[in-house]
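In what comes next, chain A is part of two complexes: it sits with chain B in the first one and with chain C in the second one.
What follows is the complex of A and B.
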């Protein structure tokens, strides 16, 4: 991962195998706390690992853990795609 | 950020009240980014320390784990693998439990005959022998013989799946379905726990931290048939479904019909969750985060220990404690007479019309009332009521057992309705108490107890009516 795509998008737009770098979180309260607890702070590298058989949720590699998030949640995490 | 320097010595003289006021005022000026910055800084620090202090060989989620995950969560294989595993677990339980069940049964009933002879030798009155040996002891013997072997197989296999890390993958596969009914994907874990014991399943609902989704999971946990109900389901499947097929397929057919019943339970669970999240428990889906932990080699010894000591013996002990008085009660009902008829005959006679409408009979309903403390003793109670001897009978052979049922008017319809009733009816008293402890609400405890019963009555009535219409009665 050397360069970043210029356009900002959300984590939900990535497909398995793609990577992105967290830019920010567009949510407040408990959900934001939860994301921060997972280590989703700006600058964190995230890779899409698995899509569930029914298309949602998706599992992401975050700081060495595999964490599944629903599409609604992944949409609240803005990223720059790593190219 | 406010740059006021707070001097501890300066603060010490003031009272707490004004300190707090000051802190509140300062906090307002911090802005929302403080927490973010704090967490980011902590992670940066932690990552630097970890980098410095540890060496990592490759990525954690790679190689073996990745391959397994790709298969068990794949679009085409994810669901078939779950179904195949479920069927395999039931098949192994049914097939494997047969011989030990018969052996334990023989041993316990050998002891029963010795006890009977012993009571006679010391000149005990008939009613004391009846109550203690034919009632209490037989109830215990039945429960141990029927329940112990399946539990010794079912619980360890389940614990191994848990230990391996497969269950979170199940939650991952199924979450979409749970989400569409307004529930939480982790509800599948609590349902899996409910297969062992619904009271344990209800406690397991603590893993769901949104109160709304947690309540849905608690109320619907009952639709996961528990250990006290498997023997009934497995026995009916073996007697009325498997018996119709050649022996080579019978265990698989029995397992298949138990899986079918389980899936129907899941369907009802989804329907009820959907109904609740659209009526009484309306609300938005809460945050869903689920960790898929790395696969681990199961620790066989530890698995055996936990599943035998923590689960099997605990559940068995509870069943024994419940079965002993219920066995005594059964004996009393069958032996206390009023105007020449036993209380059992009288009560079941009252319940008969209602039971008939549900495709069952009065005796079955009475057995369910006696068995509110423990579902395990439903079948023994039914048998005891049918046998005029007024005591629980020996489980000599499956063919003999079926004969008892058939002579009392049982048809495949009775078996199907009884399986459905067993699957759907109200939770046992332990589970009801646990629901109250977990929800601290009389209202939701009543809902969780009565809703399943109402559903069971409606479903059995519908199935029996349709069956009779189709058969032209």
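What follows is the complex of A and C.
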């Protein structure tokens, strides 16, 4: 991963195989804490591992673990796409 | 019974350990196995107790608490295999079982099992566990995998930085388990004391915690992990606040402290258990 796309988008917009770097989290309280505990701090590289047949949830590769997030969750994580 | 006399053909390579399965007739120490999902907790549990908890290469296999026994140097240890968890603060339902036991089950020792191939992720939980107890042993598991991937870990330095003993292991190959049991025994008996380094909180927060702790203690005498509870209250954790007010938290602690209670105990389920 060398460069990042200019536009900020959410993690939910990535498709399997694509990578993004976390810019920020648009949530508070326990949800935010949970994301941080999963390793989703700004600067973290996330790759889309696979999407379930119905498109939700999606499995992401985050700091060496595969973690499933629902679409509404992934929408709270802003990223810049790695190009 | 000799060091390895009790287990017949089932005996693995751990020389100082007698596997006792579910025979909990006498108990000296209670030991919990905590860690992220898929770090080898059940593999360690099976190797030490001779039981057969479900293991496999995907996360989330262990969903309730399992108990088993082993003997070491004439002391009997009850080992609790817990579901994997990424956090003690923001838990899912499976994770609550692990969190509740670690906080309110008052284990004599907590073994935090880390995946040596992704330490960065795993250390988050280790730091959260040392916030609630000093009686911690870190098991640096999957060392064989780490080696295969060319990852080299200075375990002594890690031990100094964390302030708790660190034992490198490859549980699947029964490597390091003797040392793990020995160290666990030392922490349990007090022969070895850990001095965990804590993440620094700011002065104001610490003062607020110090103020809250005696209030909670007088409200709920005998309640474990009071500092942790105080921190959650300061953070505005509604679930904990409610559990404290309704007495649910104290009930859970009492149920877990009896050490005889069977199967899953979470904040949500504690109410259903007769006192």
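Just so we're on the same page, the second predicted complex is superposed on the first by the 83 of 83 C-alpha atoms of A that agree within 3 Å, B and C clash if a C-alpha of one lies under 4 Å from a C-alpha of the other, contacts with A are read in each partner's own complex, and residues count from 1 in each chain.
As a convention for this text, a contact is a pair of C-beta atoms (placed from the backbone, for glycine too) under 8 Å apart; a residue touches a chain by one contact, two chains touch by 3 or more.
Note that this is a predicted model, so its numbers are computed, not measured.
K.L.:
More residues of chain A are touched by which partner: chain B or chain C?
P.N.:
The partner that reaches more residues of chain A in the superposed model: B.
K.L.:
With the two complexes superposed on chain A, say which partner A:30 touches: chain B (first), chain C (second), both, or neither.
P.N.:
both
K.L.:
Who does A:56 touch here: chain B (first), chain C (second), both, or neither?
P.N.:
First partner only.
K.L.:
Check whether A:64 is in contact with chain B, with chain C, with both or with neither, and answer first, second, both or neither.
P.N.:
It touches chain B and chain C both.
K.L.:
Can A:82 be said to touch chain B (first), chain C (second), both, or neither?
P.N.:
Neither partner.
K.L.:
Tell me the contact category for A:45 with respect to chain B and chain C: first, second, both or neither.
P.N.:
The answer is neither, since A:45 touches no partner chain.
K.L.:
Tell me the contact category for A:21 with respect to chain B and chain C: first, second, both or neither.
P.N.:
So A:21 meets neither chain B nor chain C here.
K.L.:
Looking at the overlay, does A:72 come into contact with chain B only (first), chain C only (second), both, or neither?
P.N.:
In the superposition, A:72 contacts chain B only.
K.L.:
Residues on chain A in contact with chain B in one complex and with chain C in the other?
P.N.:
In chain A, positions 30-31, 33-34, 37-39, 63-66 sit in both the chain B and chain C interfaces.
K.L.:
Which stretch or stretches of chain C touch chain A in the complex?
P.N.:
Listed in rising order, the residues of chain C that touch chain A are 36-38, 59, 86-87, 89-90, 115, 117-118, 120-121, 124, 236-237.
K.L.:
Can you list the residues on chain A that touch chain C in the complex?
P.N.:
29-31, 33-34, 37-39, 62-66
K.L.:
Which chain A residues qualify as touching chain B in the complex?
P.N.:
Where chain A meets chain B, its residues are 25, 28, 30-31, 33-34, 36-39, 41-44, 49-57, 59, 61, 63-70, 72-73.
K.L.:
Inside the complex, what are the residues of chain B that reach chain A?
P.N.:
These residues of chain B touch chain A: 32, 35-36, 39-40, 43, 47, 59-61, 66, 69-70, 73-76, 78-79, 172-173, 175-177, 179, 185, 285-294.
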